[in-house]
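Got some structures for you, see below.
Next come two complexes built around subunit A: one with subunit B, the other with subunit C.
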Partner chain A sequence: MKSCYIENISSISPQNTFGTEEFLDNIVERNPEMPYLSAIEPDYKLYILNAGLRRRMSHVIKMGVAAALECAKGSSVENPDAIITATGLGCLADTEKFLNSIVVNHEQLLNPTAFIQSTFNTIGAQIALILQNKGYNFTYVHRGFSFETALIDAMMQLTDDEATRVLVGAIDEITPSEYEVTKRLGFWRNGAVMGEGAQFFMLSSEKTESSYAELIDVHQFQLKDNEKADDRINSFLDKHSLTMKDVDLVVLGNSGDKLLDVPFQNFKSEISSNTPTAEFKHLCGEYHTAASFGVWCIANILKRQKLPFAMHPNGKVDKLERVLLYNSYQNVNHSIYLLEAI
Partner chain B sequence: MEDLIKNLKVQLIEELNLEDVKPQDIDTDAPLFGDEGLGLDSIDALEIILLLEKHYGLHIGDPKEGKKIFYSIQTLADFISANKK
Partner chain C sequence: MSSYVTGIGVISAIGKNVKENLEALLAKRTGISCLTLFESTHDVPVGELKLSNEQLQQMLGLPITKTYSRTALLGMVAVKEALTDAGIKTNSGLRIGLISSTSAGGMDLSENFYKEMLAKPNGGRLRNVISHDCGDSTEKIADFVGIRDYVTTISTACSSSANAIMLADRMLKHNLLDVVVAGGIDPLCLFTINGFSSLMILDNELCRPFDETRAGLNLGEGAGFIVLQREDTLKDKKPYCQLAGYANENDSYHQTATSPDGDGPLRAMAGALKKAGLKPEDVDYVNVHGTGTGNNDQSEGTALKRLFGDKIPHFSSTKVYTGHILGAAGGIEAVYSILSITHDVVFSTYNFKNPMTDIMLTPVVDTIHNAGVNVVMSNSFGFGGNVSSLVFSSLKK
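Showing the complex of A and B:
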């Protein structure tokens, strides 16, 4: 069975992560006037050259397409065998625009553009159109499991020899109305901050000199009553003949929500104090596919052999060979990722 | 007629999200579609049909007439002023 290497990465996030050699050196704090962490957007004209295409694209489509094209451009082969995208809520602004026009115009005179662009697979389709890619093209919309499912599919494409290079990414956007609705549902009441972003990865079955890391495995699960995440994480490691002692760093996807982060607190209390932990959601915010930002961070950590202060302010790390990511969305969708240095 | 032309240009820019285009950049007599002029396409044509219905209460009865009516800002304005109730 073939392996799965991360050949190139890109990210548009609330931090300076796009088109820069920096790696979380200068942290962008949340604008105190904004209740959420908005992505820092590049000049899209430099990345999406066709003005006709660009003017129809909403914020989320531009983020996704620009991140994907940048990731593909920096890879050894620009055109992959497969394009797989993941999104929790898809092109939300266009969906809202279309649904609003249904109400305002009494189900008549509906603008075609918002409808066409509102579908979940718009981003994957636009990437394929621009790259003239006629390969496997799939979009996963599984709420808090969207990115994990996309990644599992990408790994299967590579390990089963269906593809040698897969462009896989995750995209989610904030809209003011989404924020208001989730706020009313109590999502941001206990310390978590909403975020958005687009992360893309060129996965390859071949290792190159510029590869970032090897993606060993991804596992997604839900916890039954009284079940602890530690048991699932230990079984996951056991499957790879490993224990927590073999892990150099644990990256935690806790959102900052005092109530929902209980599994993380339990997990931290179970692992030895010799195993360093780092966090990332204070940098990107919480959203359905925020784990992709965690994977982007780990790929950088393993390639650069550097753990940014912003992720781990309180300690030293002896070595960075094997990193485990434990993520959870709303304490419903839990996932574990294992990555190793090349 | 001048006001109508000015309004049409503003509405086109807004409805079609024409980036970096100002009303004064649009040549009133230049073709709206194809490589010359604004370079609009078939989805834009649908948006213009909606614009005519929404803002002027007009619809194009004979689709064959569309090509002539949609040729330029001037032909659109002529159609509106000739048919507006």
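Showing the complex of A and C:
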């Protein structure tokens, strides 16, 4: 595939990541009264100008649309050739709202707004409507593979010259009942913390002065019998004629769950102690598309040539030219990303 | 270079396999009837598959004691049929992917969970909520048929499975996979029945696509998948036809309605033809989106006239047989389009009577045999302005 450059990025997350020049300088800890990491929301009036539209939009739509518009605005071309969104659970609050109205109103005289907005491609569609974008518009909804397929799709578009700029974003929200259900399912029993957020990336086939990083490749996989993640990571590097020695930093998407993080422990023990590692899910929380926060961090690391203390508290790095991200969702959906400095 | 269709699989209200679906289409036998599988206060006709989940599990040889979403079960039937039809073994060393799509995901189970959870905190059986997300059915189907190399899921409302087929072709071209099973699934559930009812676009009678008297759509359920391969992996397998072209565009007009001038649909159809290197006059049959809603058929009809001018090819909506199967519509209608080419037949919208006064287009009302079908276009338009068009062509073209 052809080179693919990250021209602009944006993030609405549980950290101060939106509308600021700082990069994880002042870490926001979880509110001890809350069991999860909620996103810090901007003043949406500044981003979604139509008041009626803004009022109708749910939390996840506002996060997605504001992050997308901010990312597009800071790019050399505001209107991309394609818009690709990724989400694990889509517009969950609207889904619950409509389900609730079915039960409470006994299926009669229901307001369609929540139903309309519950559709998984609502955020991608709203971005297109606001930008009056008539191009390719896809939404991927596959757990810990949603964001990965979105990036692969974008890279294919750029390689085929079907697009020169693709806006790719990942969005997921927390709802109180989702927290209760996942808690009952044991998701937060072993150390992981639930999170949410919206990350958008303007990908371009052209390098510009302000580009953040080059996205070299993305690979998603499920482990077959007796297979280890290390083998897949090594063969991924091998495909690019690289070994772990050529990687300056490994960013790990471990969730903090001591049972599910086993592949990360194995991987860390495999790689040489000369390769520094960093983490990010303690900052954004765990969700289907949390890897997008990791990619947002790496784009910043490569552009600013700075590794935040919060991601890598003990140690130092010699250089920051090539970064590998290994992510896993529930130890089922695994993915590897390779990024390089411009 | 286009990819080749080597296998097809379908399950819908008109049959649990390709053979039964084809027989019903040829005989003009609709599957639209009363809802029987669950209770709803809406008395609307639906394209329901008259098999319970338990019967589907038995059919698939799955343990009756386990809980599966209807989405996963319908998908397993169609994906298994498509792979068997293509003669693809999942342990053959080829890199095989499953690209599925759905609008409802595991909602058929989770809507029951939610009701119980509303009634009392900690209520609801967890096994009814773990398959809620759209990726669950894809992973269950992949496990069932033994696909381990690649899975992903698309959800762009009613164009979902047409888009899954596009992604499949592009991944084959980029040599990321050797074989892809692509399509979509949607089950009937309270959520969608109430959703479309709240939009007041469900017809209380059999839907009447492209008819002046049309009053909305009938929902249906099912799954449709096709197997796509690159030429170099075909070996001695004779494909059905080629996926010649496709396009996805955004109408960018309204969250739920399509533009009255059919601008988005026109760009999708013209884009698909351009990619196929074909002209409008090459198209022999259009399997239209044709939902039977006032808005869709007016918009799509206008787009057809703008693209084809006075020479409108044969066209019909097969939704009078299956109902509108939302995320699965593009996959199921892709299967029907492929059948149209391989059996040289044009399917009908048998109950059509009165042309729309402003558009005056008449769909095919009787099955046409020996129709000379080489190129078929299949349209799927969804919420969010998501408009998609696929073009299949016989190997002669």
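To be clear about the criterion, the second predicted complex is superposed on the first by the 340 of 342 C-alpha atoms of A that agree within 3 Å, B and C clash if a C-alpha of one lies under 4 Å from a C-alpha of the other, contacts with A are read in each partner's own complex, and residues count from 1 in each chain.
Definition applied: a residue touches a chain if its C-beta (ideal position, glycine included) is under 8 Å from a C-beta of that chain, and two chains touch if they have at least 3 such contacts.
Just so it is clear, the structure is predicted and the values come from calculations on it, not from any experiment.
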Review point. Would subunit B and subunit C fit next to each other on subunit A once aligned, or clash?
Key: fit
Practice item. Applying the touch criterion given at the start, work out whether A:Arg55 contacts subunit B, subunit C, both or neither, answering first, second, both or neither. Key: first
Exercise for review: May I ask you to decide whether A:Phe145 touches subunit B, subunit C, both, or neither, giving the answer as first, second, both or neither?
Suggested key: second
Review point. Which of the two partners, first being subunit B and second being subunit C, lies in contact with A:Gly88: first, second, both, or neither?
Key: second
Practice item. Would you mind checking which one, subunit B or subunit C, touches more residues on subunit A? Key: C
Exercise for review: For A:Val77, select first, second, both or neither according to whether it touches subunit B, subunit C, the two together, or no partner.
Suggested key: neither
Point to revise | First, second, both or neither for A:Ile116, with subunit B first and subunit C second | key: both
Review point. Looking at the overlay, what does A:Ala341 touch: subunit B (first), subunit C (second), both, or neither?
Key: neither
Review point. With the two structures laid over each other on chain A, which partner does A:Val317 touch: subunit B (first), subunit C (second), both, or neither?
Key: neither
Practice item. Using only C-alpha atoms, work out how near subunit B sits to subunit C after the chain A superposition, in angstrom. Key: 9
Practice item. Jot down the residues of subunit A that show up as touching in both complexes, subunit B in one and subunit C in the other. Key: 110-112, 116
Point to revise | subunit B to subunit A touching residues, read off their complex | key: 15-19, 39, 41, 43, 46-47, 50, 53-54
Review point. How about subunit A: which of its residues touch subunit C in the complex?
Key: 1, 83, 88-90, 95-96, 98-100, 102-103, 106-108, 110-112, 115-122, 124-126, 128-129, 132-143, 145-146, 149, 152-153, 156, 159-160, 177, 180-181, 184-185, 220, 222, 224, 288, 332
Review point. For subunit C, which residues count as touching subunit A in their complex?
Key: 40-42, 103, 105, 111, 114-115, 117-118, 121-122, 126, 129-130, 132-136, 138-139, 148, 150-157, 163, 167, 170-171, 173-174, 176, 190-191, 194-195, 197-199, 248-256, 264, 267, 382-386
**Study point:** Residue numbers on subunit A that touch subunit B, as the complex places them
**Key:** 51-52, 54-56, 105, 109-113, 116
